[in-house]
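Structure provided below as C-alpha cells; questions to follow.
For clarity, chains are labelled A, B, C and D in written order, and residue numbers in each chain start from 1.
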Amino acid sequence: MNYELLTWLIPLPPLLAFFIIFLATHKNNKLSHSLAIAGAGLSWVFSMMVFFFAIGYEKELTSSISWLPTAETWLNIGVQVDALTAITLFFVAWTVLMIFIYSVGYHNFGQPKGDHDRPGLAPHGAELIDQDGKHKHVLSIEPMYARFFGFISLFAFAMYVLVVSNNLLTLYIGWEIMGLCSYLLIGFWYAKPSAKAAAQKAFLTTRIGDVFMLIGLAALYTLTGSLHYEVIFSETVLHDLATTISPVFGLSWAGLIGLLILMGVVGKSSQFPLHVWLPDAMEGPTPVSAMIHAATMVSAGVYLAIRFFPVLSAGWDGGSALTTPMVVMAAIGSFTALFSATIAVAQRDVKRVLAYSTISQLGFMIAALGVGAYIAAAFHLVTHAIFKALLFLGSGSIIHGMEHGVLHTQEHIDPQDMYNMGGLRKKMPITFITFLIGGFALAGFPFITAGFWSKDEILSGAFNGGFNVVFWVLAISAFITAFYTMRQISLVFLGNPRTSAAKHAHETTATMTFPLVILSIFAISIGWVGIPEYFPVIGGIVPNWLETFLGSMLHSEHAEAHHSSIPLITSLVVSLGGLFLGGLVYRKIQNTEKDPLEWSLSGVYKVLANKYYIDEIYQFVFIRPTEWFAEKIVYQLIDQKILDGFLHGVGKLSMWLGGKFRFWFDLPIINKGGDKMALGAQKMGSNLKVTQSGRIQDYMVLALAFSLLGGFLFYLLLF
Amino acid sequence: MKILEFLSDPIIVIQEWIIQLFTNWGVTQEWQTFLLYLIGSAILGTSALLITLVLIWAERKIIGRLQDRLGPNRIGPWGIFQPVADMLKIFIKEHIIPDEVDPIPYHIAPIISVASVLLMWAIVPFSDNVRGSDLNVAILFLLGVGGLGELGVILAGWGSNNKYSMLAAFRASAQMISYEVPMAIVLLIVVILSGSMSLGDIVSSQNIANIFLLPLGALIFFIASIAENGRAPFDLAEAESELVAGFNMEYSGLKFGMFYVADFLRAFTSSVIFASIFLGGWRGPGAEQIPILGFFYLLIKSTIIWFIGVWIRGSMPRFRVDQMMAITWKFLTPLSLALLIVIAFVNKLLANSSQLIQVVVFLIINFVLFYIGFLISNKLINEKVRMEVSSHKRVLAQPTNIFTQPNSGG
Amino acid sequence: MIPLSWYLIVAAVLFSVGMFGAISRKNAIAILISIELMLNAVNINILAFWHYHSQTLGYTDLHGMVFAAIVIMAAAAEVAIGLALIIAVYRQRKTVVASEVNALKG
Amino acid sequence: MTPLQIVFLLVSIVTIFSAILVVSLQKIFHAALWLIVTLMGVAILFVLLEASFFAAVQILVYIGAIAIILIFAIMLTRNIMSDEEIQSNRSWGLVLLLVLVFAVIFINQLSQSAIFNSILYPLEVQGQDNIMAFGQGLLDPAGFALPFELASLLLLAALVGGVYLAMDKKGGEAK
C-alpha cells in the first residue's frame, strides 16, 4: 500500500463531494447527504489506515510535488504524517464523520417540508393533519438541506488539508477556507439578522488574527526561503531565528514571528482579545457549532500552535526562563481560561455555556503550551475535541428534543434556555447518559473520564515547571468548569420539568444518538493512552503511549519532571468539589426566572451575564469611532467637500479650456485639415481605382510586375 | 548441351547471342541495352497482337458453342483462319473520316487504346528471368496504364463529335474510374502480403498462390477487371439498344480494328495479370530449372481465367447503369476496404506464426467478410424491392373530383 | 550523366510557361491547367535536387521525396477544389471566364 | 552525347513545346490533351531522375485522375465559352514580356548556384530500396508520419469540400 498516496487522498473525497453536491445533486437531498457522508467516510477510512500505519511504524510519511514556479525555484507542496498529524487525524476523522451522520438527523431528514419555511431561516415545523382530522405539529426538514452538506464537506476538506500538509502555505490555505466556511455556516440561516451579524463578526475577528499570521508567514518565508516544516523546524534554522534580532522591540526573529503566528492562533482559537466571535457563532446550526468548536476551527488554532511550538519555544532551554511568545501564551491562556469560565457560569443558553467552556478549555491548552507542557496540550486537544463534540451534539439533541416539545405545546419559549428545561433525563435517556459522560469529561471527573487525565497533565505540567500563578489560575478555572458543568447538567436533566415543553420533549432519532454513543465511548477511553507512569496505583498498567509517541517529535529535550502529588490532589479536589457544589446549588430549581447566583453575587453576576461587557467595549472603542470617522471625516469632509470640490473645479476648468480649443484649434485646423485629407484620399482613390478591376489575373500581372521591379531596385541598391 | 539449354531457356540464349553479335560489331554498352529493349519490345508487342488473332477466333467459337451455335467454321479447319480473313478485310476497307471530327483526338484515340494494353505486357514476368522490365512500381504502373485506357475512350468519344459516342465515352470512363478503386485497394492488399510493388517480386513471393489467401480479393479483382475491360456483363458502353454502338461507332476500317483488337487483347492481358498476381504467375513444378515451363504455366493459368471471363460473357445479361455503379461503390469498394483493414491487422498479428495458420485464418476472414457483405447486399436489394412496391401508388380515375372540385382538371 | 543544370533550366522554362498561362488565359480551367504546369515544374526541381542530394549523401534523402509527394497531393486537392469552385461559379454566373468573375474589388 | 542525354533532350523539347501549346492553343480541349503530353514528358524526366515511383504516381495521379477530371470539366462547361472566342486576355503581350524577363532572371540566378553545373550520376541506392526507405519514412513517427497524415486530411477535406461545392443544391436551379 502506498501510504504517501493515501495521505494525498485524504482531503479529496469531501472536496469532491462538495463540488458534486453543488454542481449536480443539490436538488436531491438524499443523494447529497449520501455523497457527503460517503466522502467523509472515505476520508475516515484513509485517515484510519494512515493513522494505524503511523503508530505502527513510527515513521514519518512525507511526499511533495512542485506546485508553483517562483522565478528560479519551485514552490513545493506536500503531505506529511508525523505523530501530531496522526493523532489529529484520528480525532478529526472521527468527529467529522460523527458530525456528518448527526447532521442528517439534526436537519430533520425524512420529515415533511414546512409550510412557512424558506431558505435562510431555521425550519419552523410543519403542520400535518392525521386521519382523525387533528392538526399535528412536527419538525420540518431544513430548506437548504443539500447546501449544508456541501458546506460542511468543504469545511472537512479544509481541515484535512490543514492537518496533512507539510508546509505552512497549504496549511494557511486550509486555514482560510475554514474561515470562509465558518462564515458561510455560522450565517447559514442568513435571514436571521443575528446570524448574519455573527457570521460577519466571526469572519472579521478571525481575519484580524489571520492578517498578522500572514505577515508572520511572509517574514518566515523571507528569512528562511521556505515554508516547509522540515526546513523551518530544522536545528540550524531555529537557532538562527532565535539568535538574530528583529527590528521590533528587540525581540528575536523567532519571538516576533512566534507572536505574529500567535495572533492567528488567538483569532482562530478564540483567545482573550479576539474571543468574542465564538459565543455568537452559536447562531449557526448545532452541527456547525460542534464542527467549529471540536473538530476543526479552534482545534486548527491549537494544532498550529503545537505544530509551531519549536519556533515559539526557540531559545527555551526547558527551564523556567520562558521565551516571549511562551510568556504571552501562558498569560493569555490562563487568563482566558479563568475569564471565560466565569462567564460560562452566568449563561442561560445551553450552547453558550458550552461555547465559553470551549474558550476556557482552549485557554488551558494555550497555557499548557506556554509553560512548555507540549504533550499535555496535544493530549487535551484530542480529548477536548472528542468530548466537546459529544457535548455539542448532545446539546443539539437536547434542543431538538425541546423543539419537539415546543412544537407540540405551541408555547412561545426559547428552546435553548436551560431554565425552560429540567427533568429531561427520563425523556431523553441516551442523550442524558452521553451528555453526562461528556460533561464529566469536561469537568475532569477523576479516573474514568478522558478529561481528567489530560487536565491533570496540564496542571502537573504547570506545577512541575514552577509556574505557580498559572497553576492556581488554571486550578480555579477547573473548579469553575466543574461547577458550571454540573449546573448545566442539573438544570437540563435533573429535577422536574419547568415548562410543559420540557414535559413533552422527546428522544431524538437514531442518526443523532448513534454519534453520541460512539463519541461517549471515546470520551472515556481516549484518556487511557495518556496515563502518567508515576501515577499511583493505576499508573503503568496502560503504558503512557501518547508521551512516547508525541515525545518523539520534540526537538528540545525536556528536563525530567519531578513528580508531585499536589496537582493530582488539586485536580481531584477541584473537579469533585465543583461538581458537588454545582449539584448542590442547582439541584432543585423550580421557577424559570432566577438564578441562585444572582442574589448571591448580584452585581458581579450581571457583569458575568453580560460577558464583562467586552462586546460593548469593543462597540464603543472600535466600532463606533470607526463608523463616526467613516461618516463624518471620510465621507462628509474628505469625500464630499474636498475631493468633490476639487473635481468640480477641474471639470469646470476643462469645460472652459475645451471650448477654447474647439473654436481656435479643432474647427479651423483639425476639421478642415481632415476634410482636405479626405478629399485628397478620395481623389487618389478614384485615380487608383482602375487598378482594382476585381479580376484576379490583373492582380497577378501587377504582382509580377511589381515584384520584378522591386527585385530590380533591390539589385541596383545592393550592387 | 547447347540444344538442351536452348530448349530450356530460349529467350536468354537468344539474348546472349545478340549481345555477342553487337559486341562484335563494336556497339557500346549503352546502345546495346537500348537496342535490346527496342528489339524485345517489338517482339513482345507483335506477338501479343498475334495472340489476339487466336483469341478472337477462340472467343467467337466458345461463345458460339455456349449459345448453341457453331461459331466461325468456314475458313480453314474449324474456321481457324476466320480472324485472318477479318484482318485482311479491315486492312483493305475504306477509311471513312466523318466531317466535323476533331482530328487529333480522333486519330490518337485508337493508338492510345492499343498502347495502353500493350504497355501492360512490359511488366509481366514470363519466367524467372524473362520479363520486359522489372519495374519496382509495377502495381502503380498497372493502374496508371489503366488511366491511359480511359483517356483513349474519352478521346474517341470527344473526337467523334457525336453525342452518342460522347455519352458512351462518359459511361465507359465513369465505369473504368469507378472500378479502378476496388481494384487498387485489392492490389494494395497484395502489396501488403508480398511486401513489394514489383510484379516479379509478387510472383516469386507466392509460395502459396495468393488466391488461397485472398479468395475474396481475387473475386473483387476479377469482377473489377471485367468491368474495367468493359466486357459483358459490364458492356454498358456498347449497349446497342441505347447507344448505337458505343464510343467507337464513328470509326471504321483499321481504326475500328484497333479498338477491336484492344478490346480482345485487354481481356487476355488482364487474365495474365490476374494469373501473375493471384495464381503464382510462371511458378509451377520445375519452372525454376527449366524456364520455358514458366511460359506454359502462365499461359495455362491465364487461359483458364480468360475462359471463365468468356464464359461469363456468354451467359450473363447486362447490368443497368445504376446497378453497375451500385456494385462498385456500395459493394466492392466497402468490402475491399474492410478486407484491406482486416488483412493488414491480421498480417501484422500473424507475422510470426506458421504458414498453415496464416492460410487458415486468412481463408476464414475472407469467407466471413464475403458472407457479411453478401448478407448486407441481399438485405439492401430486398429492401429496395419492397420500397418500390410499397411506394408505387396506383393512380385511379376519380370522376367525382371533376364535379366536386371545379378548379381541378381545368 | 545529365547535368543538374538541364533539369533546372527545363523546370524554369516550364514554370515560366505555366505562369504565362495562368496570367494570360481567360478560361478558368485553362488557368488551372497552367497552375498544374507550374506545380510540375516545381516537382522536377525538387526531384532533381533530391537526386543530387541522394547522390552526394550516398543514401536516399527522404526530404525531397516527401516534399514531392506532398506537392502531388496538394495538386490533386487543388484540382478537386478548383474544379468544384469553377462548377459552382458556372452554376451561379453561367461563366467560366476568369475576368468576368470580378467580385474581388471594393 | 550519351543516349540518355539524347532522350532527355528529346523529351524536354517535347515537354516544353507541348507546354507552350497548352497555354496558347485556341481550343481548350486540345490544350488539355497537350497537357497530357507534357505530363507524360515530365513523367519520363522523373524516370531519368531515377524517381520511378514518382513517374508512376505522375501517370496515375496526373494523367489518370487530374487530366481526366479537367477534361470532364471542359466538356461540362463547353457550351459557355465557345472556342472561337479569343482565349487570352488583352494584356497577354505585356505578360509575355514580364514572364520572359522573369525567366531570364530566374535562370540567371539559378546559374549562380554552386551546384548548378554538377553532373547527376546513377544512384548507388537502387529503386526498390528507395521506395522502401520512402515508405518507412512516411510512416515513421520520428520521420514524416505527421505531414503524411496531414496530407491525407487535406485530401479528405478536398474531397468533402469538392463534393459540397459542386453539389447541385436542390431548388437552386428551379425557376
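By our rule, a contact is a pair of C-beta atoms (placed from the backbone, for glycine too) under 8 Å apart; a residue touches a chain by one contact, two chains touch by 3 or more.
Since the structure is predicted, the reported quantities are computational estimates derived from the model, not experimental observations.
Visitor: C-D versus B-D: which interface comes out with more C-beta contact pairs?
Guide: Between C-D and B-D, the larger count of C-beta pairs in contact belongs to C-D.
Visitor: How big is the gap, in whole Å, between where the Cα atoms of chain A centre and where those of chain B centre?
Guide: Roughly 87 Å, centre to centre.
Visitor: What is the distance in Å between the mean C-alpha positions of chain C and chain D?
Guide: That pair's centroid distance is 5 Å.
Visitor: Just curious, how far off is chain D from chain B if you go by their C-alpha centres, in Å?
Guide: The computed centroid separation for chain B versus chain D comes out at 28 Å.
Visitor: Rounded to a whole Å, what is the gap between the Cα centroids of chain B and chain C?
Guide: Chain centres of chain B and chain C, defined by C-alpha means, are spaced 33 Å apart.
Visitor: Two-or-more-chain contact residues of chain D, please, as numbers and ranges.
Guide: 2, 4, 53, 57, 65, 89, 91, 95, 99, 102, in rising order.
Visitor: Could you list which residues of chain C touch at least two other chains?
Guide: Correct list: 19, 23-24, 99.
Visitor: Could you pull out the residues of chain B that touch at least 2 other chains?
Guide: Counting only residues that touch two or more other chains, chain B contributes none.
Visitor: Please list each pair of chains that are touching.
Guide: A-C, A-D, B-D, C-D
Visitor: For the complex, give me every residue of chain C touching chain D.
Guide: 1-10, 12-21, 23-27, 29-30, 32-34, 36-37, 40, 43-44, 47-48, 50-52, 54-55, 58-60, 62, 65-66, 68-70, 72-81, 83-88, 90-91, 94-97, 99
Visitor: Once bound in the complex, which stretches of chain D touch chain B?
Guide: 2-4, 27, 29-30, 33, 36, 52-53, 55-57, 59-60, 63-65, 67-68, 71, 75, 127-128, 131
Visitor: Help me check something: in the complex, which residues belonging to chain D touch chain C?
Guide: Listed in rising order, the residues are 2, 4-5, 8, 12, 15-16, 19-20, 22-24, 28, 31-32, 35, 38-39, 42, 45-46, 48-51, 53-54, 57-58, 61-62, 65-66, 69-70, 73-74, 76-77, 80-81, 85-89, 91-92, 95-96, 99-100, 102-103, 106-107, 110-111, 115-121, 123-125, 129-130, 133-134, 137-138, 143-144, 147-148, 151, 154-155, 157-159, 161-166, 168, 172-173.
Visitor: Touching residues of chain D toward chain A in the complex: what are they?
Guide: Touching chain A from chain D are residues 89, 91, 94-95, 98-99, 101-102, 105.
Visitor: What residues on chain C touch chain A, complex-wise?
Guide: Counting only chain C, the residues touching chain A are 19, 22-24, 31, 98-99, 101-106.
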